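Read the structure below first, then the notes.
Chain nomenclature is as follows: A, B and C, assigned in order of appearance, with residue numbering initiated at 1 for each chain independently.
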Amino acid sequence: MTLEARIRLRLGTLDLDVAFDVAGGEVVAVLGPNGAGKTTVLRALAGLVPLDAGHVRLDGRTVEDAAAAIREPAEQRAVGVVFQDYLLFPHLSARDNVAFGLRARGLAKPAARRRAEEWLARVHLGGAAGAKPSALSGGQAQRVALARALATDPALLLLDEPLSALDVEARLSIRRELRVHLDAFDGPCVLVTHDPLEAVTLADRLVILEAGRVTQSGSIREVTSRPRSPWVARLVGLNLYRGRAHGHTVALDTGGALTTAAAAMGEVFLVVHPHAVALHRSRPEGSARNVWCGPVESAEANGDRVHVRVGGPIPVVAEVTPAGAADLRLAAGGDVWVSVKATEVDPYPA
Amino acid sequence: MRLPAFRSVCAAVALTVAGCGGGASAPEPPPAGRATGDTLSGSLAVLAASSLTDAFSEIGDAFRRARPGVELTFDFGPSSGLAAQVLEGAPADVLAAASLAPVTPLVEAGLVESEPQFFAGNLLEIAVEPGNPLGIRALGDLARDDVILVLAAGEVPAGRYADEALARAGVDVSPSSREADVRAVLSKVELGEADAGIVYHTDVVAAGDAVDGVEIPAEDNVVARYPIAALAGSANPATAAAFVDFVLSAPGQRILRAHGFAAP
Amino acid sequence: MSGIAGRASRPRRRGASALPLALTGLAVAAVALLVLPLVGLFLRTPWSRLAALLAEDRVHQALRLSLVSSLAALALCTVLGVPLAWVLARRQFPGKRLLRALCLLPMVLPPVVGGVALLVAFGRRGFVGQPVEQLTGITLPFTTAGVVLAEAFVALPFLVVTVEAGLRAMDRRYEDAAATLGASRATTFRRVTLPLIGPSLAAGMALCWARALGEFGATITFAGNRAGRTQTMPLAVYLELERDLGVALLLSLVLLFASVAVLVTVRAGSFTSP
């Protein structure tokens, strides 16, 4: 069971153009800032929003094709959706909520209720079958919503920010459980979130969505070690630059140049980890090939590290120890010298 | 909401407001043709049966011409409803009803200034569609199956009189509706919803071309005798009495005849 | 420093209690406006004549007719009004604002004017009524069906307005959720939308029924007044005023009690408050 999604549509101010595939059993997280269009992608896959162009194919079967004027309405698609606020029907018990999809698809009431109770037991809510949603805790409601989506045996599972409505403690345990269920689900699963932790712990692959466009997609390792957009770089805490490489020198788009240990040609991204950045009060002498001067913009304590933001021609975030920061009197501001070894500057094709 | 009640309230408000300002007016010149000795001014609220609407409006105009300075307001409605208002203490100066029955309790309660006097008579008549397509000639025709008949409700004078006339003629009818007042009976015939209705002769006259009238012979007909009385609670007894006199006088009677009323 | 607590609390407390006091005062005035006339009614009613009155045929007829016609009007309004409310709340089309204004028209029209309008359309000479009579022989004036139509005409806007508001206020994503679970539009409407707007629907139906029950001007103008067929309780009360105020008061209270009995039976109060 595979998902092939080519989604192009305009909704209000959002201009969405995405393409990605999901294999059976795979969990892909669509990660992006708020307003990027993530929920719209989900709604398009569920059939709640029509495509302007493109297609959606599930298991080779065309579920929607704008050009061929094929469109299966939501109620005919075998899609299970867990909504951000769960949207459990408030007038129905947990059992009847889970049974809803089964009954809507023609199963008789007693049989549907039995299946519903099985699923509730699977999410460890056997005792709460008769409770109304208002009597459930956040974590319980989330589990009922998941059971409701999975009970109809969907071909595609969609999750919209599944953990965001939960408090921190609930999130930990629910995340573990959710991972178990996702592993057990053998169809494609698309998870939409703005929380990188959620994405990284639940997904196999990431698709980064920014302002309606996919800026990067790949395995978690790839994306987190080689970001391709400033947003992702900020998310994973890396310094990201873009420029034109010619051998060991890269002319940065924003001005200035950096020297790399590895040779490269053409358009490249450069990544520098903050802990590879050293700061000095005077021009350092040493083997580091990349040395420049810039004003201290801010210095924030972060656990047992201090993150120092340095502006100037090549903005950079350095990670130093509190003692180091104190020694350099970084809090006072002023100019500071930055040095980065060429071996710490990692180029990869843009 | 009952229209007469609403209008009574308005009349009461108008009276109160006018009464506040009435004292400051300059003395009027004595009215032509009447030597009363006191000047007539202020406002007068006259409660009159619906069937008097057109006639009394004209009488009102004539009265105003003869007595400028008098502010005259009319409240038309079913006689019993108007009498009930007076019983409940609604401020009014003159009551002109379509029968004596509703006025009697007022007399007993001492609410009238003097004995009510009959000022007009009204005969019953059958109103039918113009051209009388169903060929209704007598009260007996009203019992036909193909005639949709409406009468005024038994609680109002017109209805009682109609029942009496039908009883006298020995006719048993099954009216489709008993309307709240005689004007509603007329409008049902005018609108074509009813084929026939028993109304007053004056209603047929007032409707002009909209309905045709079929006379009811004198032996079966009932004459509604209309009483008029100045009310004891009037704030303007002299003017009230003057109005009653005017209605009874030659000019008033002439106007009443012109609208189809008979002698009392 | 110690003065701050005292200074901050005193003005805030005075200001804080003024608003609830003013609101309570106005609420009491509202209750007085509603209750005093009823109290007056109770005090003036000649209770001793109640038994004799209740034995009268015409009272049974009028009461039964009122209840039957108002409930029939309610059914008609519900069947027609809920779809209309749905269209107004969910669909976009040119002229929608005009349509909504038209739907509210019966609320604004004086009932008698409404009755005349009904005659113009559905009377024997009406532009709809006349062809219908010629084709089928069916007329509406002077019939119980006419009473039901007149009551439905004046009461429909109450139901439409309330249900439309409920549909607008409802979170439409529940309908999305139902769709993703495989429910057809009809199933979604039946099992999700209707239950979710339950309180609005119940409130709308209660208002609609109450309005139909109390209707007078349009019914007497359109359907007339005939005992057993078109004489509803409000008509009986009005006519009785011509004759016997005491009996009119009694009849009013009989109608009042009958309405309360129905409302209590249906437990309408529990619907309107969640």
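Going forward, contacts are C-beta pairs under 8 Å (C-beta built on N, C-alpha and C of every residue); 3 or more make two chains touch, one makes a residue touch a chain.
Just so we're clear, the structure is a prediction, and the values are computed from it rather than from any experiment.
Asker: Would you mind checking which chain's C-alpha centre is most distant from the centre of chain A?
Answerer: Taking each chain's C-alpha mean as its centre, the farthest from chain A is B.
Asker: Averaging the CA atoms per chain, pick out the one whose centre lands closest to the mean of every protein CA shown.
Answerer: C
Asker: In angstrom, rounded to a whole number, how far apart do the mean CA points of chain A and chain B lie?
Answerer: Spacing between the chain centres: roughly 86 Å.
Asker: Distance from the CA centroid of chain A to that of chain C, rounded to the nearest Å?
Answerer: The mean C-alpha positions of chain A and chain C differ by 53 Å.
Asker: Can you work out the whole-Å distance between the CA centroids of chain B and chain C?
Answerer: Averaging C-alpha atoms per chain gives centres 36 Å apart.
Asker: Taking the touch rule as given, give the residues of chain A at its contact with chain C in the complex, in rising order.
Answerer: 43, 46-48, 73-77, 79-81, 83, 85, 87, 89-91, 100-101, 104-105, 148-149, 152
Asker: Note which residues of chain C are touching chain A in the complex, please.
Answerer: That would be residues 171, 173-174, 176-185, 187, 191-192, 195-196, 198 of chain C.
Asker: Of all residues in chain B, which touch chain C in the complex?
Answerer: 2, 78, 80-81, 84, 148, 150, 153, 155-156, 175-180, 184, 188, 191-193
Asker: Which part of chain C faces chain B closely enough to touch in the complex?
Answerer: 119, 123-125, 141-142, 220-221, 223-226, 230, 235, 238-243, 245
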